[in-house]
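Going by the order they are written in, the chains are A, B, C and D; count residues from 1 in each one.
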Amino acid sequence: MTLNYYLVLAALLFTIGAVGVLVRRNAIVVFMCIELMLNAVNLTLITFARSTGTVDGQIIALFVMVVAAAEVVIGLAIIMSIYRTRRSASVDDANLLKY
Amino acid sequence: MSDFPWLVAMIAVPAVGAAVVAALLKGRELLAKQLALAVSLVVLALAVLATVAFDRGGDRFQLTTSVSWIPDFGVDFALGVDGIALVMLLLIGVLVPLVVGASWEDPAPEGRSMRVFFAWLLLLEAMMVGVFAATDVFLFYVFFEAMLVPMYFLIGSFGGPRRQYAAVKFFLYSLVGGLVMLAAVIGLYVVSSSQLGEGTFAFDALRQLEIDPGVQKLLFLGFFVAFAIKAPLVPFHTWLPDSGAEAPIGGAVLLVGVLDKVGTFGFLRYCLPLFPDASRDFAPWILGLAVAGILYAALLAMGQSDMKRLVSYTSISHFGFIALGIFAFTTEAGTGAVLYMVNHGLATGLLFLVVGMLIARGGSRQIGDYGGVAAQAPKLAGAFLVAGLASLALPGTNSFVSEFLVLIGSYPSRPVFTVVATLGIILAALYILLMYQRTMHGPPRGVLMAAPDEAPGALGGGSTAVLTAPAPAPSRLRVADLSGRELVVVAPLVALIIVLGVYPQPLLDLIEPAVTATLSDLGAPR
Amino acid sequence: MIDAPDLSLAALAPLLLVFGAACVGVLVEAFVPRDRRHAVQVAVALVGTVGGFAGTLLLAGTREVTAGAALAVDPAGLFLQATVVGLGALALLLFAERSLDPARSAFVASAAVPAGSVRDRELATSSRVQTEVYPLATFAIGGMMLFVTANDLLIMFVALEVLSLPLYLISGFARRRRLLSQEAALKYFLLGAFASAFFLYGLALVYGATGSIRLSEIRESASAEGGGVLLVLGLALLVVGLLFKASVAPFHAWTPDVYQGAPTPVTAFMAACTKVAAFGAILRLLYVGFGTEEWTWRPLVYGVAIVSMVVGAVLGLTQTDLKRMLAYSSIAHAGFLLTGVLGLGADGAGSGLAATMFYLLTYGLTTLGAFAVLTLVRDGDGEAVHLSQWAGLAARSPLTAAVMGLFLLALAGIPLTAGFTGKFAVFRAAIEQGAWPLVLVAVLASAVAAFFYLRVIVLMYFSPPAVDGPTVGVPGVPTTLVLAVTATATLVLGIVPGPVLDLAERAAIFVG
Amino acid sequence: METMSAEGLLSWSWLLVALPLAGAAVLLLGGRRTDRWGHLLGTATVAAAFVLAVLCTVQLAGLDERRADVDLFTFISSGDLDVRAGLLLDPLSLTFALLITGVGSLIHVYSIGYMAHDAGRRRFFAYLNLFVAAMLLLVLGNSFVALYVGWEGVGLASYLLIAFWYTRPAAATAAKKAFIMNRVGDVGLALAIFVMFAQLGTTSYAGVFAAVGTLAGGTVTALGLLLLLGACGKSGQFPLHAWLPDAMEGPTPVSALIHAATMVTAGVYLIARSAPIYDETPTARAVVLAVGAVTLLIGAIAGCAFDDIKKVLAYSTVSQIGYMFLAVGLGPAGYVAGLAHLLAHGFFKAGLFLGAGSVMHAMDDSVDMRRFGGLWRRLPVTFVTFGLGYLALIGFPFLSGYFTKDAIIEAALDRDDAWGWVLGGVAVLGAGLTAFYMTRLMLMTFFGRPRWEDGVHPHESPSVMTVPMVVLAVGSVGAGFLLVRAFPLADWLEPVFGEEHEAEHVVAPLTVGLVVTGVMLLGVLAAWLFVGRREVPVLAPVRVSPVTRAARNALYADTVNESLLMRPGQWLTRALVWLDNRGVDGAVNGLAATLGGSSSRLGRAQTGFVRTYALGMLGGAVLVAGALLAVTAG
């Protein structure tokens, strides 16, 4: 069943994204990794839509894109404000709050 | 007469009184005291009248009130007393006014006000009445836990140097026990709902349940832990010496005199009738704890240098006797145990009060700081002696009757435990007389010696506040003997101790039917 | 030719009201002059939320699935909506408090201005207040209301984002200690997005396994061909996404940091409303979507409940910052709530749903009140949240201490407070399903937790007042109102919980 | 034995207890305002009680049953236990009542003078009254519980009176010691009562004695031994005798009344009263005999070595009570002899103590006989009365001690077995020792060259003190003859102990009399040789034979108590305190500490790094998924 390749690919992408979140310091990149995870999900959805023969999956994918876009707006805003204060977008610099 | 809601009144009056006293303006200390005294006396009157209204031959529970409270949980606001609860209510009624009187001249710790003290005291009284009068297990639990709050504040706000530690320790110990009991209470409820269709907390209904032995054991342990911590039995006892030592005298009296009795009361009211099989299975172990506790705590009492700690340990020893009487499963022992609860409240109450008066004069809790007090304060010494003798259960004092009943009642069914327990009466004589000799006898010593410039009678004053010891210094000081107020506080207890020592029968007649009923719930082995 | 799905506007009224108010708020930002904006915004937001609250009450009892079966307006949903929007309204009042902070607002005048810059310093002293928080918060409330009624996973996801995104933003709006605030926002955002990715992946897998995202259909196909690996994985990831929002350990890491960094009113809002919304969604997902898979998720919930209670209680012990302490307490309470969630019996019997909903209500009220008290006690820069600063507060301001004491006792679950009734309800629900070991852990955990609540009381009452201690501000009308409501409710729900319990009992119905 | 309730005067006999009790109450509660007449009231109540006792005796003698029960009220009634407060009037109890009130009145009178200059005189009389009341309750009570109440009551009174001069640490300690050792005995008594209730369901004399025959042998023996334990504690018998000599710290009238005449004989009363029990158990009886014999010797030996006049008399008391135990241990043959000796002893020992008190009075409260000497010229009355008491005690022919002691020795020999000879021998030896130490005392006190400390000017005591001494002296001369020959006590006590069987004597009474007298004279002679001939050193010689040293240490009774009980007890207490603080409480605090520690350790996980948190979430997610899969698979 060839569709499984897509699923596996999506799973790989998702994993790559997740790992990226863990290993990258730059907030922007971390955020991009999250986007990657979302898109991996989109791929999965499309694949399933195809396999189940329903359109729901594709519609969901559209929704996800919109939401992702909204997320980008918020995220960039937050990251920007922090960057302008600290002159650094490294997530590791932001650890005043702990324990 | 008997359809008047005595118990509701006995809860409402002090509760309202507490609110009023708390609401008083700053600086109205005197009014606060007078109000507190008045309210507590009203409660005493109510208790006495309730006793009159109580029909000895009548049903198990009388003066009952029942209002649906939380229908979704099947909880009723159900009050009612049997002889056992009634005598405890009488004890509360007697002790609280005396405590108010004893704390009359206490100086408030800086930043606090005695107004608050009396407010908490009255609230505590309301809770204590409730816990003994509740015939609905949920309601009982609510009072059982809520009771902690006022006592917590009494210890924490008005206690001795280590009051914070003591207060938190007291609260957490009781809370742990209480929460475990909560689990058991819910379990009981679930069992009842599975057996009776819909769950209930009504004691009379729960008594009818036929609980599978395995479940019984679990539920029993749930209740037992709470009560064993409250009572307290060794090894759940270490909170009491701290609380007893740090609490203000008034608080200590009620803590040891009444609050802890909830534990033994709980054994008798809940553990035995609700879980008869488990009670029988665990009885030997509990008796072991009780008897070990009698000797262990007595020996520890001898090792104390702090009078209030010493008295606390003696109480632990006495609670061992009570537990022995309860789990001996005989009418005599059970009756004796209940009477013991009352007597211990009076005797140890007096002991705490007198010790407090002594501390107020000497400003130290250390036995070693005193000596030869009797020469200067004979009345104080006399009261001290009476309290001590009652505490070592000398015939002619009330404690003898109860201790004798407990032992003679336990012997037929549990000879070995009883024989060991009886050795406790030697140790009792030891720890009491040691303390009495060191403080009252011998040449004047310790804080009785003070710098010449201090005016004679500088150790006078009737407050029972807990201070830290001043440094001993050369010449003699005069210790003021009991003031008129203090005599008024002490006299009733002394009188009761003697009277109940000679003619205890009226109380026994009140108690015995309830005990018999309880033991019949225990029934024959199923 | 596609025919429009049926929309029962009546059933949607509360949602529409709240979202409408949010949109109006946006317009207000654009058109109303700055000096009058604050008043108008507050008015609009309150009208929307209070209206929404009234709406949910009017709708009480309706059970319909509307908007193309995307929304389930059922008693449980309405109860949760009412809780969310009611608590939300109270939180908004906290936002609107102007008399406590010398700068007349807890929110930064302009979030875009870099912290510590010249402009920032002059803004800090200016009387300019920013008003975007109100529409943002209103959107979040709307999202939460949508969340608890979502009858299909897509709506649930959208709602999740709608409620989260505004929260990410307003967490960064603190006027004081801006660095902390921004850090909180960043962490919350990144982790939140991370979590929603999991949720989404779970959605996809479930969709793949069942060919549908509608809870009812998922339930049918799940019971039909049992739980395939895909379905189970999907369920797991969905749950993870939700547990994150509910700040259940081990997905709790963000909670203390964000609670501490965010402006206190926002923290209060999150602590109360987000918790309700998240658990509403969890309940709906597990009871409706996987009610038949109950054997699958029960052990999971069992486990995370224990972890959450223990982590919350133990970690709370050594906190010195009150907001952080309350954060850990919220983690512990999430655990207690999960014991309630376990109260689902076979064929939907059991009092778990009612108990959990009641607990949510009591917890929301209490914690909201507690945070409200935090806003009163202030020192040079903002709230005095360090434990040591609270020493001897009772002497300085008896009433404040008394109210705080009440909330703490309620959180500790002492009888005659709402907290106890709630605990009793959830424990009972759990024991009915034979989960008494879990309850045993729960009671021990709550005993441990009681210690750090008590410690605050000890400090307030039994310790000598701290020199140069904090000042206790005189609250304005809004905060006073909040405190009055929450305190009263905490007592009433403790002493005569009957009616409300009854309500929750009758509202414990999911449709769809 | 069925009981017939008392009527007439007897029904008022409860006043016997009530009067002194009321006196005590008035004096204790009245406070200073009763100081002026307090001692008079105290004396009056006891005197009244004595009169009443006499009248009661007369009336009782009139009854053919010679036994009456006075039922008062229900004391403790619960379940099967029903203890009624009541009095039992029979020859035995009334005999004691007469002794207590009679000697008691005399000593009260004496005390008026003796305590004249003591600030606490009122308190003293209050305590004395309290004692008399308790003692009367002890002997008159009609059940073992009533006896127990009185039993501990006298214990309390004795505690208060020994510690009367409580500012002296020695007095306070002695009082505590007395009370504690008594309590040890009380445990035995209490246990005995428990056994009675468990086995017979009653604690009244009537009930117990009626049913005791039905008990198993072992049980009865246990009963007997437990009662004996109680008796030993109260009567200062081996091994619980160490407290009695220390009790001499109390004022001398106390020593006379409580620690010589009455309280310490309560043990004898108990055993005599419990005759029906001991009749069933030869074993227990043998133990009683052994205790009596051992104590008799211990007391006599220790008595030889002390220089403290009161201590010597105290050990003499111990020894004499040993005689009484020996007697009652012999059973029916010995009861009457024992009681006769008890009564006679009551007279002469009280007299001796009062005499000693008078001497101390003259010597500024010194008790060191090495500082006395040659007092007979200065204190004629005291000398004469004391001398008569002395003769009576050592059993000088035809004085009371002679009759009563011989009776005991005869009874012992009449057993006509090895035991009999051993016991008889011990008793005779004891007689010799008694003669020795008492003569030594006489010589050191009244004869020889004065060895007074400077500034001491001996003077005879006031008549209020001497009169009672005279009366008692008369008693000690005549009592023996009266009790044994003139109005045989045996007949009077017959309702209690049954017919006195006229045992055929193994050894002719005359022979016994001669032997005993001979041994007695030997003792006197020895004393004169050792003490009388040469000068008594003012300081006790240090280099002495081990025997003397042992005797001076009262055969190391205290040493044994200390090293076997006190020290280990203190050590145990310290250990337990440590255990409680470190162990039990430590465990709790340790748990708290552990939680706190793990809290801050776990807290480290909250690093503040987003990426760590994300890792945590991912891990959690993996766990959750894995768990779910596992559950589904399994």
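Just so it is clear, a contact is a pair of C-beta atoms (placed from the backbone, for glycine too) under 8 Å apart; a residue touches a chain by one contact, two chains touch by 3 or more.
Values in this document were obtained by computation on a predicted structure and should not be read as measured data.
J.: Name the chain with the Cα centroid closest to the overall protein Cα centroid.
T.: The most central chain, going by mean C-alpha position, is B.
J.: For chain A and chain C, let me know how many angstrom lie between their CA-based centres, rounded off.
T.: Centre separation, chain A to chain C: 25 Å.
J.: Find the geometric centre of each of chain B and chain D from their Cα atoms only, then give the gap between the two centres in Å, rounded to an integer.
T.: Chain centroid spacing, chain B to chain D, equals 37 Å.
J.: Just curious, how far off is chain D from chain A if you go by their C-alpha centres, in Å?
T.: Distance between chain centres, rounded to whole Å: 96 Å.
J.: From the mean C-alpha coordinate of chain B to that of chain C, what's the distance rounded to whole Å?
T.: 44
J.: Please list all residues of chain B that touch 2 or more other chains.
T.: In chain B, no residue touches at least two other chains, as defined above.
J.: Would you give the residues of chain C that are in contact with at least 2 other chains, written as numbers and ranges?
T.: 186-187, 190, 194, 256-257
J.: Multi-chain contacts in chain D: which residues touch at least two other chains?
T.: 603, 606, 608, 610, 614
J.: Between which chains is there touch?
T.: Going through each pair of chains, those in contact are A-C, A-D, B-C, B-D, C-D.
J.: Which positions of chain B touch chain C when the two form their complex?
T.: Interface residues on chain B, with respect to chain C: 69-73, 111-112, 141-143, 145-146, 148-149, 153, 156-157, 163-164, 167-168, 171-172, 175-176, 179-180, 182-183, 186-187, 189-190, 193, 218.
J.: So in the complex, which bits of chain B are touching chain D?
T.: Its residues touching chain D are 234-235, 237-238, 296, 299-300, 302-304, 330-332, 335-336, 372, 374-375, 382, 389, 394-396, 400-401, 404-405, 407-409, 411-412, 415, 418-419, 422-423, 425-426, 429-430, 433-434, 437, 440-443, 502-505, 508, 512.
J.: Chain A touches which residues of chain C in the complex?
T.: 111-112, 114-117, 154, 157-158, 161, 165, 168-169, 172, 178-180, 182-187, 189-190, 193-194, 197, 200-201, 203-205, 207-208, 211-213, 256-257, 260-261
J.: Residue numbers of chain D touching chain B in their complex, please.
T.: Checking each residue of chain D against chain B gives 28, 73-81, 145, 148-149, 151-153, 156, 159, 163, 166-169, 171-173, 175-176, 179-180, 183-184, 186-187, 190-191, 193-195, 197-198, 569, 572-574, 576-577, 580, 584-585, 588.
J.: Inside the complex, what are the residues of chain A that reach chain D?
T.: Those residues of chain A that touch chain D are 18, 21-23, 25, 30, 91-92, 94-99.
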